[in-house]
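Here is the structure we will look at, set down as structure tokens.
Every chain is named by a letter (A, B and C) in the order it is written, and numbering of its residues begins at 1.
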Amino acid sequence: MDIYERMRELGVELPEAPPPVGLFLPARQVGSLLFASGQGSFYRDRRVEGKVGADVTLEEAQLGARYCILNMLAALDAYLDDLNRIQRVVKLLAFVSSAPDFYQQPAVVNGASQLLIDLWGEEGRHARSAIAANTLPSNLSVEIEAIFELK
Amino acid sequence: MDIYERMRELGVELPEAPPPVGLFLPARQVGSLLFASGQGSFYRDRRVEGKVGADVTLEEAQLGARYCILNMLAALDAYLDDLNRIQRVVKLLAFVSSAPDFYQQPAVVNGASQLLIDLWGEEGRHARSAIAANTLPSNLSVEIEAIFELK
Amino acid sequence: MDIYERMRELGVELPEAPPPVGLFLPARQVGSLLFASGQGSFYRDRRVEGKVGADVTLEEAQLGARYCILNMLAALDAYLDDLNRIQRVVKLLAFVSSAPDFYQQPAVVNGASQLLIDLWGEEGRHARSAIAANTLPSNLSVEIEAIFELK
């Protein structure tokens, strides 16, 4: 199925590709592997920021994890020209800005994983690590990088 | 040498493959690269949990790092069907839940690296990063992800 | 252009390759991908250490990020025998030891990215994630790992 049609079915609307806030590219391709840069938890002018378990609830952070993927797909849409070039999702590495007694990083990152599975089905399933950080760039609550396989 | 025979020689007993606590796969393969998901520092019902340098000693954390690899190999045994398909270990990315004045993350992660070298010899040697986190999923002390090369 | 000549033009002087402080290799190659181990923010006997935003300024930390790359290139020079084998920089994963209210990790890591772009031009541009940690090995302020593509 066309991935843009699938997005319309699910009501998924990509934001503008976020400009990198630093000296880096949104992604780099080597052979069939695409390495996507870390993206943060905002969507247009909505931001999910602060430490999860203190300033931010689990539910808000899950939405933030979803935002990371929306920004990543927007960046890859610009980089690849056509998201249908993605064959499958290989791996996520996700960081959650966490209060020191917050232990549910995997539940947060499920907000990202669910969107990828909704979009690509079995090919959207992936390996993953969910890690805590004591803070993150721009005080955002979640940052996620990923590896994709291209057709 | 058969890797299962080598495990028996070393007295290494794999646990049951831990079920992923989230929406992710234990691993994803692309070509000869195998990306293994992050695994935590428990072995059956024994857990190494809390912040190293505060709640947990270096020695306990080293054992925890070893547990991460045991869980990873159990997960890969189920995923690959045969661990002899592994050609070499490429890279570890290891996170240690750390008190803010604990600086010996590499010594912790040696507990994981030593096991891989014991099992695979020169092919078990790998690139590595050892990083601190202020907390980790389920309050475990160590989480490790890895890349392997398959035959 | 020869990369060693380019270094001379820029006044870049590689240190001795730092011995790994643990049971790991400086890098592992799989096909054309080279996975380089995490390197820390020191240069010969100068160290950039402590938490950025508390003990260390942004400017000092940027220099520390540059040191990480100098150590990495020194390690890769020894591993590859010839840095001209590098085709391009694929990806950096950078960790910044951060005070809990420091949010400028990307600006810190620009110190690393700028050096790679100065050395390799367009081929030096890369995907990247910049993450905070509450502490890092040996109390260094920055640790960076990388993936390169070889010719």
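Criterion: contacts are C-beta pairs under 8 Å (C-beta built on N, C-alpha and C of every residue); 3 or more make two chains touch, one makes a residue touch a chain.
As the structure is a computational prediction, the values presented were derived from the model and not from experiment.
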{"item": "Turn needed to bring subunit B onto subunit C - CA fit, degrees, nearest 5", "value": "120"}
{"item": "Classification of the subunit A:subunit B interface as same or different, half of numbers criterion", "value": "different"}
{"item": "Centre distance in Å when subunit A and subunit B are each reduced to the mean of their C-alpha atoms", "value": "25"}
{"item": "Where subunit A touches two or more other chains, by residue", "value": "31, 33, 93, 133-134"}
{"item": "Touching residues (chain side subunit C, partner subunit B) in the complex", "value": "21-28, 30-31, 33, 35-38, 93, 95, 97, 133-139, 143, 145"}
{"item": "Subunit A residues within the subunit B interface of the complex", "value": "31-33, 88-93, 98-107, 109-110, 113-114, 117, 125-134, 147, 149"}
